[in-house]
Amino acid sequence: MRRATYLVSQALKGLRRNLLVVTAAVVAVFISLTLVFGALVLNELVKVNTSRWQEGVHVIVFLKDDVPLETQLGLQSEIESWDEVQETSYCDKQCAFEEFSQMFADQPAILEDVDPSILPASIRIKLKDVSTYKDVTFRLIDNPAVRKVVTAGERFDQLTSVTRALNWLGIGLAVLLGIASVVLIANTIRMAIYARRDEVAVMRLVGASNWFIRIPFLLEGMVQGLVGAGLAVAAIWLAEGYVSSNAPDEFLIRLSVPDAFMVQWSIAILLFGALAGIAGSAMGVRRFLKV
Amino acid sequence: MRRATYLVSQALKGLRRNLLVVTAAVVAVFISLTLVFGALVLNELVKVNTSRWQEGVHVIVFLKDDVPLETQLGLQSEIESWDEVQETSYCDKQCAFEEFSQMFADQPAILEDVDPSILPASIRIKLKDVSTYKDVTFRLIDNPAVRKVVTAGERFDQLTSVTRALNWLGIGLAVLLGIASVVLIANTIRMAIYARRDEVAVMRLVGASNWFIRIPFLLEGMVQGLVGAGLAVAAIWLAEGYVSSNAPDEFLIRLSVPDAFMVQWSIAILLFGALAGIAGSAMGVRRFLKV
Amino acid sequence: MILLEGVTKVYEGGTVALRDVDLDVKKGEFVFLVGPSGSGKSTLIRLLLREERVTRGKIWVAGKDITKMPGWKVPHLRRSVGTVFQDYKLLPNQTVAENVAFALEVLGRPQSVIQRQVQQVLELVGLTTKGDRYPRQLSGGEQQRVSVARAFVNRPPILLADEPTGNLDPATSVGIMRVLDRINRTGTTVLMATHDHAIVDAMRRRVVQLERGKVVRDETRGTYESIEEL
Amino acid sequence: MILLEGVTKVYEGGTVALRDVDLDVKKGEFVFLVGPSGSGKSTLIRLLLREERVTRGKIWVAGKDITKMPGWKVPHLRRSVGTVFQDYKLLPNQTVAENVAFALEVLGRPQSVIQRQVQQVLELVGLTTKGDRYPRQLSGGEQQRVSVARAFVNRPPILLADEPTGNLDPATSVGIMRVLDRINRTGTTVLMATHDHAIVDAMRRRVVQLERGKVVRDETRGTYESIEEL
């Protein structure tokens, strides 16, 4: 117990007395974890936005004119019950003509020519996950009530591949930066201890055990990691708050992430900083502790 | 001259003898400049891709049926001569009907109803810069030969704002990482010199002038910066080469940047590394050189 | 208490610092280690602390074969051997009092005991007023005395001293020697490397003389120079 | 060559290391600085090198008022004053030969001259075979001799030596003193702080004794202890 007090007080003294070196480590942690956290937030933004971009109608099922209305509505409720489907809506001949009219509002000549009754009724399907459109189409195509199934299939595939690419990019960036930050932190703390190698050598000569020497350094490393991570978290909160409150509303992109995400990852980043600090110190001290 | 040789040889010895510390600085430079260069490449990718996304027809001018063909073609060549315009094409009634037929290929009932002659001829305009579409529309709207001007205006504005946001993000990231890397480099080198503070103190006591002490450190810093930057450049070239040669062709996004861009920025990054190394060393030595 | 059998130490690079040294120091003895600069005195002390390892031979300290001792036991060895280092080896970031207290902290002594013992030993070496200073704020001799105080403070059964008076004026040296003598009389084994003629000749204790790494003289009540040389 | 007028040095924290010291050392003189541990000998030497600045008073070295000297001229001062430091102050990352050569490198001497002079001076202090070693691979006395060699090597007009024989055996000490004497005979002014009775009494040169920062004795052909005390 008393020994614990001594070791903690040594750690605090170490922090005070080696301010230059401590600052260096804190700065390294701060910068690298800000980058990691930033990458995570960007990744989350991509996710939030791609799900918005994927909104809208995904599959249109044109129905045959000779099928009775009940069969049509029955098909709709069957589709609605499928797992992949989020929502459906029914558009009868009148509704189809209204859409057609809107489309050619500026070309009255065409509108005059076309008879409302020739346009087919349709069921519009919104999917939970766009990538399932092929299954849904496949199941509908042979239905006797269906005249034709239309999807923006290729466009979906492209969008999905873009989203996936952006997600990979974000995760890859976060992982790379995470590794980089561990290396930087370990590096900096190792140098910090290198700068105090004589001190460690003297402690060993006077009979201090390895743990007795190590613990204050580990505590110092933890504090440095925590402070750096705290600064990083603060920086990202400030930046996120600023951007999301100042971004113009008409922006196509949404620039704020859920609070839950911020809270969870803040805690993760703080833990990561503390662990990286401890690990960095442990690695740093090790080579000076060989008897 | 002889003195220069001595100073350079001292710098090389310093590098050899302080391998741990040198490695730390090189790693810091390497990581931070890789991030900077990476951000620049991403930014370039966004640019390359948005210009691809903006390709296609931007403005469609529907012409009145009662205007003679010469007037119509005259208007086309007038439009073609405008600064904002990159390319135009003329689509007569026949061409308009072909497009209409494609659009409703699956609804023969509509096609049967519509008379080819009621569809108007049009001039399709491709702009150099999408954001000028309003000017062009404005100039055409009152022309007596024009029936209607159609643009995907809102969509353009949105696309432009997305592009601008992504560009800002890329530039902001590169600048932030640039600053971070300078801080990290200076930091690391400062610690490296801090670890050798006794050495500097002894040199001063033996009568070495400030420049005599400083120059080997500056050279060391330069070499460290160059090596780190060289590694960063190599890493990005490898990554870019790997990605651009392995990315699937059907990808919506193009994943390679022009070689000229890579070469220019490689040189810039190398210079930046060398300068940051020198500056970092200069800052690092300064506080130990006060008499 | 200290026993060396056929100890040879060859440093990396080939310098032979000790050649086939045999030495037996009994509990409670006081031994002067003399010899010209570079003859291996500090090397012998470093070997006893396991700061360096023997190239050949065996060393027993306090009954334990330290040449075979596993690394994690070395701190225990060092805590039972107080050492005054030739280059002081003080912690630059700790005050004088903290430097001295450190030898007790590693033993886990209660704070009250530490404070009292540190005060006592600083008085002994005449540094009561300088407990709050950092080593760089002391004169050479004062730093040496701090090193002496740290070696004494935990009353170890063995005391090694590498030129503990090298930077001291004659008066202070005599003071330090009185302390060493007193400590020796309480049963502590003392091994002291020195160049100080006057002290060795005045104390008349056992003298072991090294010359190029070999023991060339071992007298029970010797002087700095061997009788034949005089 | 060296002139102090009313020099007082108070360290941060309030320690008065020197009180109102007057001292005039003429060109070619050989002066021993004696006094108990902590009396201010090293402080005086540090002031002459501008390693520390005076609190009050004036110091002239080689005709220049160094209390007013701008910082960028200090390296010039130090190059004309060879110094043996009490704690050696060797560059740990340079070999013995490089450490000694450094004093010539800062003067910009050609490589051939440097090599010859370094060899000569290493011979003088008996370290010819150890030129390629690093300081940590040397014994305490050997490091001290490297410090002596570095101070000599550029034949400075003034030589300051802070206990240059503290870690040396009597025989080697005599050797070093012969070198200092020879250097002094070529016209170099020598100021040497020491605790070594035997040397001071044997040389019979000017002795300046400090006591708590005050000059209490200044004899032209003095001994270590003042006559009255004996």
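Each chain gets a letter, A, B, C and D, in the order it is written, and its residues are counted from 1.
Here is the rule we go by: contacts are C-beta pairs under 8 Å (C-beta built on N, C-alpha and C of every residue); 3 or more make two chains touch, one makes a residue touch a chain.
A quick note: this is a predicted structure, and the numbers were derived from the prediction, not measured.
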Check: Chains shared as neighbours by subunit A and subunit D?
Finding: B, C
Checklist line | Contact-graph separation of subunit B and subunit C, given in steps at minimum | finding: 2
Margin query: Report the chain whose CA-based centre is farthest from the CA-based centre of subunit D.
Written below: A
Note to self: Taking the mean of the CA coordinates per chain, how far is subunit B from subunit D in Å?
What the structure shows: 63
Item checked: Mean-CA-position distance for subunit D and subunit C (Å) -> 28
Check: Taking each chain's centre as the mean of its CA atoms, how far is subunit A from subunit B in angstrom?
Finding: 23
Margin query: If I count partner chains per residue in subunit D, which residues reach a count of at least 2?
Written below: none
Check: Out of subunit B, which residues touch more than one other chain, so two or more?
Finding: none
Note to self: Is the chain-to-chain touch network here best called a line, a ring, a star, complete, or other?
What the structure shows: ring
Note to self: Applying that definition of touch, give me each pair of chains that meets it.
What the structure shows: A-B, A-C, B-D, C-D
Notebook entry, point to check: Can you name the residues of subunit B that touch subunit D in the complex?
Noted result: 2-3, 6, 13-14, 17-18, 196, 198-199, 201-210, 212, 290-291
Check: Can you list the residues on subunit C that touch subunit A in the complex?
Finding: 49-51, 71-72, 74-79, 81, 83, 85, 89-93, 102-103, 105-106, 108, 110-111, 150
Next item on the list: Could you pull out which subunit C residues touch subunit D in their complex?
Entry: 11, 13, 15, 34-38, 41-43, 86-87, 133, 137-142, 145, 162-163, 166-173, 195, 197-198, 224
Notebook entry, point to check: Which part of subunit B faces subunit A closely enough to touch in the complex?
Noted result: 20-21, 24, 27-28, 31, 34-35, 42, 62, 106-107, 109-110, 113-115, 118-120, 147-148, 150, 158-159, 161-162, 165, 169, 177, 180, 183-184, 187-188, 190-192, 194-195, 250-253
